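First chain A sits with chain B, and in the next complex the same chain sits with chain C.
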Partner chain A sequence: MANTSVNFPTPTLASPHARDRTAPQALLAYCRRNPQLVIGAAMLLGLVLVGVLGPFFVDPKQAQPLSAPTAQPPSRQYPLGTDDYGRNLLAVMVTGLPLTLRIGFLAGALGLLVGTFLGFVSGYLGGPVDAVIRTLVDTSLTVPGLLILITIAASIKGFISVNIMALLIASLAWRQPSRTVRAQVLTLRDRGYVQVARRSGLSTPEIIVKELLPNLLPFLAASFVGAVSYAILASIGLEALGLGPQNDPTLGMTVYWAISFSAPLRGLWWWWLPPIVAVVILILGLLLLTMGLDEIANPRLRRAA
Partner chain B sequence: MEKYRLPRRAFLTSLSAGALAALAACGNNQAIELPTKTAAPSGQPAAVGQSAAPASQAGSSAAPTAAPKNIPEVPRNQTLIVSVSDSLNQMTDVELMNPFITGAQRTGWHFSFEPLFFYDSVWTDQVSAPPGLTGKNGEIPYQAEGYSYNADFTELTIKLRPGITWSDGKPFTAKDVAFTVNMLKENAPKLTFSFEMKLWVKDVVAVDPQTVKFTFNNPAPQFMFSNFEWCQDQGFPIVPEHIFAGKDQISFTNFDLAQGWPITTGPWKLVYSSPDQKIWDRRDDWWGAKTGFRKLPAMKRIIVLPKYEDRKKAELLASGEVDVTHNIFAADTEVALARNPKLQVFVSSRKPPYGAVDGWVNNLHFNCSKPPYDDKEIRWAVNYAMNRKQIIEVGFKGAGEYTVLPLPAYPVMKQYFDAAQESLQKNPIDVYDINRTAQIMQAKGWKKDGEGLWTKDGKRFEMVIMLLPGFFQNFAPVLVAQMRQAGFDASFKSPTNANTLRANGEADIWLDGISGGFRDPYLSLNHFHSRYALPNGEAATYPHRWKNAEFDKAMDEMGRTAPGSPRYLELYKQAMAVWIPELPVAPTVQWYQTCPVNTAYWKGWPNDQNNYTTPAPWHRGAAGLFIGALEPA
Partner chain C sequence: MPIGYLVRRVMQFFIVLWGAATLNFFLPRLAPGNPVRDRLLSQASQGGLLQSGVEEMVRAYNAEFGLDKPLWVQYGRYLYHVFQLDFGFSIANYPAKVLPMITAALPWTIGLLVVSSCWAFVIGTLLGALAAWPRAPRFFRYLIGPAMALSAIPYYMLSIVLVYLFAVTWPIFPLSRGYSISRLPGFNLPFILDVLRHAILPGFSIVLAALGFWALGMRGMMVTTRGEDYVTFAEAKGLRDRRIFFSYGLRNAILPQMTAFAISLGTVVSGSVIVEAIFAYPGIGTLLLRAISASDYFLIYGIVFMIVLSIALATLAIDLLYPFLDPRISYRKA
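This part shows the complex of A and B:
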């Protein structure tokens, strides 16, 4: 059935005026036009490297209590100091950053997956299905997400692990992608190539998967970064309230323990400042990355090199 | 085909209207008429910790704004502000003032009702009661003037003080006492405190308006102390028969401000109640002042705020916005003391451990009826993995004391610690030795895996320690780390339904406190009697589910024997000779009440030089005593 589809030009990193360039050249040109992409990617890469290379410099087991003297300021031996439980805060950072990223990526991916599915179904099928999904999404978006998440998290009777945390965040992370994907699908579903595909006998799932999805991939990539950003912010918000994985040293839980033990009041700045700085870098990096990827997803933003 | 179109705007409008209607239906007038104006005079700190209170409190609302407009203003220096409740940041008992119903919090009933007696757990030969009251060996007569047992402790006669009236003017009599006890008996075990009434009381009668006579099913020398002498969190109040009679006791809330409810005998009247605060105003027609028993409290108003997280409590104390709060950690105490020179602590030198020892001894508890903790050797393996000194050093910043018995370290209890030495030497509870842990575990067939954790049949020894939300976070992670170092796959969690899970036997291991042994060990050890060891799945008052007939036999006789007698001490030794080797809980630390108090507006707080009680505002055995003893600064 592939011969029934009409090939539309796939968005590329290169502008129409630079088709002769090689892929690396095109990438370089794109990066020149979008320095925020480079900066954002560098910031994220730096954080990822902390998690990847960190264990070569500090034992991750020192992220557990009783690993070091308590409440020590930064020193040669403990570059980020220690907390009241005797945790080496550099080890906490090395261990906690990947955990926070894991929550973000897992929740973002799940949220986007569900949101994309609902958006496609809603936008393409229309009718009562669209009305139900749209109303559900619109109504749920009017309620602050953190409020719902707090309610759910506080009512969890069992153990909150990093994975459960990701599932919890994902339970709301589908709403925005669902709405934006639906809007995109609405613009695509009546286009000629989709109509041709429909008249050629392709089933609805085939049209969605073979015709619509490929054309929305750049948009979905940009949405994914946004979903990750949302998930990380939501997880840190919940964790700072003590509703996170209490046995794991994620960035949000580190902030929670610092608040619980009055670290700001007691002048233990090394306890709360590094995780907050890491969160700022993380969110800023994701924002810049989203901005940088926007040109791929949005043709109107494309400029010549 | 015409596409279906949902009338979206109409739907959302209807939805909003419906939500508003539901909100209105669920709310109450007080909740809707939220206060907008502070009750504090300008220039004074806000009466109820208004805008200056840290609004950034995680998970909480900001401190409440003020009293409502229809409540007269009272200057700050005539107001006592306390932060105490059983739920964090918000009170959940807004319209509940029946102390016998589950859910009633310590947000005022515990000082508006009064006891027959108080008992000062920290009494000394020099001080045994606050100024103006008389006490002997800790006992402080209040609604009652005295009591006596018959020779074999099967009968108790209590003489009430004449002239006591309820807040609606009706006399408080022996009939109220008999009614309260019978009400509990008839509604056991659904009402709080009812189990013991049904267990012990055969009959209770009002002999005359000032005399009550109890007849017991068995000799009960502890009965008066454990029920009618308010000590820390022990004891229950007498309620007015003319209000409670004829009501559905299981659901009666005893709350109606318009009718002046709750009706109590204390000098306080509830005038406002919301999730953010309760306001109690002084009742100048209090019987105590009229009869000359005790002068009116000096403050005209008590504002009860919810319990907050420690950081916020420390900030409110440091800024002088509250006068006393629920317990705070030593580290926060240190900060608050440094920032506010007007703050004092029980230890008058302002040095660690800052607070007074509490009767609530913290232990690591086991469900002794389920594997793996039904095996006493496994319990010992866990105990050997616990480094109590390290818990004090790290979890309590050195401001504390570990314990080897589930008994509070009051001076009067020293004889019982001494009496247990023989058993303790044979079974040294305070030994930290992970090699012994390893020996026991290996003998049981456990082997360490690549990560150094005990594994058998492909499964790790999982240990999820349950905490009460808001408690033990200062040392739970330390304990977990110690357990992991010893090879247990340990972690902790603090679910909101921790109490239910424990009671129903769904928790295997948890941290909690045991109290009751304020002057002798019976009430603390009573937690381990087999009568409480219900099957898993049934809610147990004391959920250890440990059974030992020999221990029960000793306890049964202890319950019938006068505390302090040679026979009593002998029975105690027999009980501990069973309890210690079995180790149904691992005693961990003595709990200290660390409650800085604000002397900017009020003086006369209890401390180690004036120990007529402790400044624990959540304790029914303390609040009424120190509130009445405070004087303007």
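This part shows the complex of A and C:
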């Protein structure tokens, strides 16, 4: 019941000498068995470092228009070139990448928070509350989220900032987590130890916080990464249509401006290629991380591959 | 099929439509700004006119569109119109109504989507099935990784790369649009070939990006199917491998793919909306992009409602057809 296998699963199956190992060795051995987790985390860490260390190499002010000659190919002075507005595209990358990460992180966290709450309420209480939440989630999941977001974003186009963008996406990002958390809670609800806790007089919130939540932590971590991927994909999709923060150079907005100035047709590859590469690394990193975390959250997968 | 399930499923369909219509109605009224005034002001400034008289015109237009009535009357009228597919006038191209603009664009989108989705489904499903089949060439197993990576990339990102490679660097395919400007649309062979040539790049980016999804799902199903007793029995009987693969493996593993098709429809449609916008393909996506940049709210909401309607119809159809595809399914109480 106590989840000792969350961080350092004792690899008794993997190696006969497992007991002789120290914790770092066990961690290393685990990482070797779960390379997806390591590679995914490394890709994401690399992207975060671009945002953290980038300002030491390039002045973020150059992400503003008119700070460089226009439409220059990559050179020593401007390693990623400049665009039609005269922005240094390296500075755009260094300021824009963290903004996209922030949208994804904020929206994913908010979505998971609301989704987990609704999932617990719906799964643990059951009854009419469950019916209402489930109908809401099931019905809204049949509609593509991007369309709802387009409707909302189009109505408030001029007022979108990075934080509003995150809020906007969070307003839909809770649906999937609430559904999966509900399913997990349903399987845990009638386990022996939960019944024991109930019989020994623990209140419902206590049972949820003390008994159910700890057992769902690895699962919630995987859901969190999933929610962040959803949020990032949604934000980039909206931004590619021009429905993002108009004055911030997020990855999606950079692609949008590149498209609206027909950069692909004019051969200005340095304008659109770096943000696309960054998005691809980001999405693949998140995908690998989800797969790695799934392996922790769902040990039955371990032997399958 | 029990009546209870049918009623619930059809009710869900109407709830979705009602929800979409309601969202479309209330959102612009909650948002700051007045589209009618904004539009008139921008036209006045373009024409170099003074702003006098704009307020009277706003009032006149409000009366014309019924925007001066109480909210619930407007809401009722709006629902009544929407369920007749009347979305009013386009703000940006005033005398034009929204519905004909959408119906002119819809065949392009449906054509592109149906053809490329079918290709993605067939290729992906076969690839996934072969990757899980023990006697298939190893080659297919190596394809799964790249297919998965491709499926993680948004469609439209892929299409920008494709445009650059195959329309700019090596100009094999046309850059954009649905057909050449010089050609007159008509039902003749040169025009059809021209349309096909223009559809290859956008279609290919959808196929490439959607492939991995089908391959992964199919591989998972095929792994369980190949362990079934009837497959072992078919092998013991000495049936030809090809027959076992198609009639015993594929036939049984393919059913959940149909459900996945219904679920993925939304993602496919919204992804291809942006692909169209990049290729300036004359479908719904390009119309939507133009409507967004012109703040043509009625057109935006009309397009969103039409897409929601088509997806809701398609999922309803798949859900109702499913018991005919898989006799094991029965819609008792879940």
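The rule is short, and it goes like this: the second predicted complex is superposed on the first by the 278 of 305 C-alpha atoms of A that agree within 3 Å, B and C clash if a C-alpha of one lies under 4 Å from a C-alpha of the other, contacts with A are read in each partner's own complex, and residues count from 1 in each chain.
The rule we apply is simple: a contact is a pair of C-beta atoms (placed from the backbone, for glycine too) under 8 Å apart; a residue touches a chain by one contact, two chains touch by 3 or more.
The model shown is predicted, which means the values in this text are computed figures rather than measured ones.
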Chain A as common anchor, with chain B and chain C clashing or fitting: clash
First, second, both or neither for A:Ala154, with chain B first and chain C second: both
First, second, both or neither for A:Leu265, with chain B first and chain C second: both
Partner chain(s) touched by A:Pro65 [first = chain B, second = chain C, both, neither]: first
Which superposed partner A:Ala41 touches (first chain B, second chain C, both, neither): neither
Which of chain B and chain C A:Ile283 touches, first, second, both or neither: second
Partner chain in contact with A:Asp84 - chain B first, chain C second, else both or neither: first
Touched partner set for A:Leu241, first chain B, second chain C, both or neither: both
Which of chain B and chain C A:Leu125 touches, first, second, both or neither: neither
Colliding region between chain C and chain B, picked from 40-48, 130-138 or 472-480 after the shared-chain fit: 40-48
Residues of chain A that lie at the interface with chain B and also at the interface with chain C: 135, 138-139, 150, 154-159, 240-243, 259, 265
Footprint of chain C on chain A - complex, ascending: 135, 138-140, 142-148, 150-152, 154-159, 233, 236-237, 240-243, 255, 259, 264-265, 267, 269, 272-273, 276, 279-280, 283-284, 287
In the complex, chain C residues that touch chain A: 12, 15-16, 19-20, 23-24, 27-28, 30-33, 148-149, 152-154, 156-157, 160-161, 163-164, 167-168, 175-176, 266-267, 269-271, 273-274, 277-278, 288-289, 292-293, 295, 297, 300-301, 304, 307-308, 311-312, 315
Footprint of chain B on chain A - complex, ascending: 64-66, 70, 84-86, 126-128, 131, 134-135, 138-139, 150, 154-160, 240-243, 246-247, 256, 259-262, 265-266
Footprint of chain A on chain B - complex, ascending: 3-6, 8, 11-12, 15, 58-59, 309-311, 314-315, 318, 329, 331-332, 334-335, 390, 394, 397, 464, 473-474, 477-478, 480-482, 484-485, 491-497, 501
